[in-house]
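Read through the structures below before going on.
Both of the next two complexes hold chain A, though its partner changes from chain B to chain C.
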Partner chain A sequence: MNEKLSQFHTAILIYMIQTGVYVFSFTQIEAKYFGTNGWLVMIPVSILVSLNIYEMYWVYRLGNGQSIFDILEKSIPKFILAPFYMILSTIWALIGCLVAKQYVLIFQMFAFPTTNPMVFKIAIDILAFILLTKGLYNISKASTIFFWCTIWLSFLLLYFVGDFRTERLTPYIFKESYNMTEGFFQIYLAYMGYELCLLLFPYTDKKTRLFRAVIHGHLLRSVSYIILGLVSFGVVGYDMLKVMMFPSLDLLAYIKLPFMERIENLFYGFFLFTTLITLVLYFWAAGESTRRIFPKIKLNVQYFVIILAALLISYIPTVLDTIREWILILGYFQIGFSYIMPLILILLLLWQRRKKAV
Partner chain B sequence: MLKKFISWLLLVCIIPLSGCGDQRILESLGFIQTVSYDILPDGKLSISFSIPQADPETTANREVLSAVAASSKEATMKVSRETGMMVVSGQLRNVLFGQSMAEHGLHGHLDTLFRDPSISSQVKVSVVEGNAGELLIEDYKQHPRTGRYIDMLLEKEALGQTIPKVTLFIFARDYFDEGTDPVAPILKKHADNYITTNGIALFKDDRYVTKIEPQNALVFAFLKGSFREGQISLELADTGGDKEIVMFSSLISSRKVKVVHGTEGIEKVTYHVKVTGSVLEYIGDARLSNDRERHELEQRISKELTKKANAMISLMKQHQLDNIGIGKYVRNSVGYKQWKQMNWREELEKLPVECSFEVKIKDYGKFR
Partner chain C sequence: MGIKQKLQSIFLVNDEQSDTPPTLPDNQQEANLTGGEPVTLQHILDQFDDSADFIHKTYQSEHLDVLYFSHLVNEDRLERDVLPPLLNAESPVDILSEQSKYVRVTNAKKCVEGILSGMAAIFCQEQAYLIDVIFPVSRTVAESETESIIVGPHEAFTEQAYTNLSLIRKRVQSSHLKVIQLSVGEVTKTSVYILYVEDIANEKYIKEVINRIKNIEIDAVHDTNMLIQCIDDDPYSIFAQFLTTERPDTIASKLVSGRIVGIMDGSPTAFSAPVNFFEFFSSSDDYYQRWSIGTATLFLRFAALIITVTLTALYVAVTSFHYEMVPQNLLLTLTESRSKVPFPPIIEALLMEMTIELLREAGARLPTKIGQTIGIVGGIVIGQAAVQAGLTSNILIISVASSAIASFVIPNYVMSAAFRLFRFGLIIMAGLWGNLGLAMGLAYIVIHLSGLTSLGSSYLTPVAPFEPYDWKDVFLRLPFSKLVKRPTQVKANNKVKLKMKR
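Up next is the complex of A and B:
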């Protein structure tokens, strides 16, 4: 792929990877773990993510935009790296497929509850596969189109202006919180997806200004999370948020047109777009990793195998809560990856530079 | 090319196939429009469903089904045995609770309604004075579909503030909020074959405790929040023997709540309500075109409203109810610890609440 990513497309791409099914439930987590005014926690978490992005920026700068795999392979023998790559691609493929399955199961609460969820899952996987075969540049273009298909939903929040009460927010901050550390990690997961920017290095050039794009995408996501959180706490109140499963969906249900009721079920379909980009990018990342181990096998074949393997594994969890637990565990791995990996890379780069100088 | 073709073929096959699994054919569905709950002496529930009929071959406008069961879902299963249609609740608009049921507590049943994702959180909740099932089963001659009749009645009356607009979501929100108690509109079946709204039910947590009479419903709305649109008819205390009646409409009201702190904690809570409106009916001696006399009338209206509001608040205090949400303001004005230590209901009973009204007559119609 010769074409490089554009700055705008990259920003949108990052935003879209970060946006997933978590949008439906994160306010419940804010209320459950942080209690009153829990929406505020999004701000420190967002700053922390920005710092992490800054850490990754140094990898980009020190390595002059080399692929992270190149950096690793220069100093570490391949037989050590191969299993590591394998683990990475397994985690990424699993995240991708579980996110899709979670979407399907939530969707099925509202429509087609008795159809086999795997039918939908397979349909989504086929879409993902077709998109994957087009390459990253085209995925980023598609994600921009999907972005315009979904961003207008944010304007629906204006609908709640009349029902927003500051009294409901209460003046207390994080009272009735419980196990804030665990909550902090769970909220952090809402932002996950940005770490894939580590893999974008070879697909960018100077003109992309990759990290400016990543920060812009991340800021857009943060602002949107914070506003949605504020509205949820002001319209629903934290007492009730705690007991709701998908508060954002219930907020959507508030919207009623004179000629049509229950339009939230239609809106829900739009979230397929954001979910699709999330899973496509994780599958893509898995492919980036496996192609290093099997450089001779055609990339599309690798994608096919990855999606198929992930699909088979996703048969195992059938309960929404189990999937959530799995995603949590994988997400923690991913948080670890996003902090430790750039650190290792920076150290390697410094070491390589020193060796060169000597 | 071949690969592309195969992927498309797969997609084309799979998407329609997923439609075969879970069929919902409009004609064979019975959309529950209204459901009513009553509690029987043995603790079981008597539940009735009203389902509009779409079949062009029947003359009936709707199908009414009833069952006695331990839970709502069990009743749905029972009644579906009595009908050829598949009973679904995706288009439910109204839930009616009989008075005895409301007095018994609603929480468990609201839980069912809230849990089911096919039921919208925008379903309206009302309490029926007497038996809810009887009200729903009855056919009202001038209103062919009872369910729709109830729905339109509630919708329209809520616009004029004579009853609050209460949906499942709003009821649950007030229930979970520590600083406020839920309310619901009251419906009543009249012997002369019609339904009327009959005031506002005040709940303590999920139990119906007492009600506000329909003629005072607007005063409740003044205290509950700011609104536009509404009308109230007031009979003012006689000024020298003659009766004075004023009809105050196109109301715009805004409310300010203040918590006054003294040396020993909270001293009092003050409600200041500003009301502007037009006088469209006036029976009395004052000349409305005279500034001084009109201002005096404004004073008298304020006094009357204040009196009614104070009576309403003492009624709530006496039952330890906080349906206008005083608790929210108190909570926000004291520290978190103090609020948690406070037994709000007992505190409320002792807390002085003062109301004051500021009434402005914007215009008085076409006649001087």
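Up next is the complex of A and C:
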């Protein structure tokens, strides 16, 4: 692949990976764990994420943009790395497939109660495979189109201008909160996806300004989370939000157009686009790591095997709650990866640099 | 190939890069060009034996032999202007070798090709000369039937490449307009002309187009639309990756904007490249109208695209799975009109879409007078009888008809045909899985489009790669003073096209 990602596309890509089905439920988590004005928690979490991105920026800077796998392989023998890569790709593949399954199960819940969700899952996996075979550059192109197809949905929030009441926000902050630490982690998961920028190094050049793009994408996501949170708290009220399962979907359902209502049905379909990018990028990341172990096998074959394996595993969890638990556990792994991995890489780079100097 | 090797080629990375085709060494190629069979009268006559339309005239006293096809050359000119000086001269060879209009050929193959392309061959003292007395047969320049517009020039290309070239030259009067002649088809040897404006067009694209055309190995190419399928980036795609048009003014604007243009002898269509998906939705009309009207028309076209792709599919999705999406007052109308219909929505929709397509295809094949009858019969059958018989619902007919009309709003016929076909897929997906199926179908279109390229440049420019500057000319049509630069996709050598201040 010759073309490098451009800054704009990278920002959109990061935004699209971060956007997933979490958009529909995060306000409930905010209300459940943080109580009044729970939407404010998005701000500190977003800052924390930015700091983490800054940490990754140092990896990029110290390593002069070389691939993180290259950095690892320079100092650590391959037989140690191989199982590590395997674990990484398993985690990523699992996240990818569970995100898709979650999406499908939610859709099944309100539109197709009698259909076997795995049929949809297989169809989405086929789409993901087709997109994967086109390479990262084309994935970023597709994600830009999907971005334009979905971003205008934000303007639907204007519909609620009339229903917004500041009284519902209440003057208290985080009153009636409960187990804030766990809530904090759960909210953090809403931002996950940005850590994949670690793998984008070889696909960018100086012109991309990768980390400016990552921060822009992340900020866009943060702003959109914060606005959606504010609107939800101001329109629905926190006590009501607590008991709703997918508050954003209910908000959409409230909108009535002259010739169409209950548009959440249609627009939830649009979120297939963002979910698709999320899962494709996680599968892509899994492929990036397995190709290090099996450089001889064609990449498309690897993607196929990864998607097939993930598909088989995704048969196991059958209810949304199980998937949530699984995603939570995998998400904790992922949070760990996003903090520890750059740290290890920075240390390795410093060590490599010193060795070179000697 | 053994099974093992086959499996290896499927699963394993191919280390050996064999991209470059085996080329002959240079000196060998040259030998082929200059060598070949020496030209003799007998050899040429042998080549054309059993050709009743082949003319061989002998002038014994002057030792002259003239060979040509009577219908390809202008015999008047030959008899009146060319032959008398030769016949009256003391030594015709001197005239033949002196004057540049007589071209000497030594290669028999070249001579045969010349005669076939409409030249006359003159043999004198064992030497052969070709003279260009081509008499092109073609219809006159007429109005385009597939791309008619209201405001602006009405001329369209004809089947004769020379006429087309002159139409273009008249519009782009610049010595920088270059024309390269190539030939395509092992049997037919049809001429293809590649046009570009030097110093604006990017050499990389020019080379790429020429290379691809040279690499075509096929017995015959009959039309530009066939030619572009031989040089597409992705031959399996449903979308055309070259823009085709019959309008000289469109082609002139493409040339000036830095694109490469190709015309083919025998085809009234010209192609231009590189192209992007959104270019298929603009028409030269937009630029001849006031800018605000042009912009509004562009919006209308993109709205038409959305309608033609989704409307019927949405109807199927809603009536099959998502009745809750219909507002209460509309629900009564909808149920009432659907109450008598015995089929599920998907069958109903496919039936009607099929009928519309049948009507369209029948109308396209029939002469205009009978075509009108088809329209009336079809209109009554679809509009009245099908509903009264209880086969379909009124609302479906509205949706099918409006999506059919919308599909004809797309100015490029090839593109609108592609979307009409896609529509069937979407209807089936919507019938199977409702809104989710619809979303999947749309996602597939986007995925497919994002993988496409035109001459190696992205098919989705200016959306991806993101070129906000181009949006002024693609999604809007701002006043000309705002359109200062040439499109980014063509990577023009000279980027600025407008320097006036107002």
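Definition applied: the second predicted complex is superposed on the first by the 358 of 358 C-alpha atoms of A that agree within 3 Å, B and C clash if a C-alpha of one lies under 4 Å from a C-alpha of the other, contacts with A are read in each partner's own complex, and residues count from 1 in each chain.
Everything that follows uses one rule, which is that contacts are C-beta pairs under 8 Å (C-beta built on N, C-alpha and C of every residue); 3 or more make two chains touch, one makes a residue touch a chain.
Please read all numbers here as calculations on a predicted model, not as lab measurements.
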Partner chain(s) touched by A:268 [first = chain B, second = chain C, both, neither]: second
Which superposed partner A:167 touches (first chain B, second chain C, both, neither): first
Comparison of chain B and chain C by chain A residues contacted: C
Partner chain in contact with A:148 - chain B first, chain C second, else both or neither: second
Chain B versus chain C as contact partner of A:130, first or second or both or neither: both
First (chain B), second (chain C), both or neither touched by A:256: both
Contacts of A:175 with chain B and chain C, given as first, second, both or neither: first
Which superposed partner A:138 touches (first chain B, second chain C, both, neither): second
First, second, both or neither for A:214, with chain B first and chain C second: neither
Partner chain in contact with A:120 - chain B first, chain C second, else both or neither: both
Residues on chain A lying within both footprints (that of chain B and that of chain C): 111-112, 115, 120, 123, 127, 130, 256, 261-262
Of all residues in chain C, those that touch chain A in their complex: 10-13, 314, 321-322, 324-327, 330, 433-436, 438-440, 442-444, 446-451, 458, 460, 463-466
Residues of chain B touching chain A in the complex: 3, 7, 10-11, 14-15, 17-18, 21-22, 90-91, 117-118, 120-122, 169, 172-173, 176-179, 325, 328-329, 331-332, 336
Residue ranges of chain A touching chain B (in the complex, touch as defined): 36, 109-116, 119-120, 122-123, 126-127, 129-130, 133, 167-168, 170-172, 175, 236-237, 239-240, 242-243, 250, 253-254, 256, 261-262
Complex contact set, residues of chain A against chain C: 6, 8-9, 107, 111-112, 115, 120, 123-124, 127, 130-131, 134, 138-142, 144-146, 148-149, 256-263, 265-266, 268-270, 272-273, 276, 295-299, 301
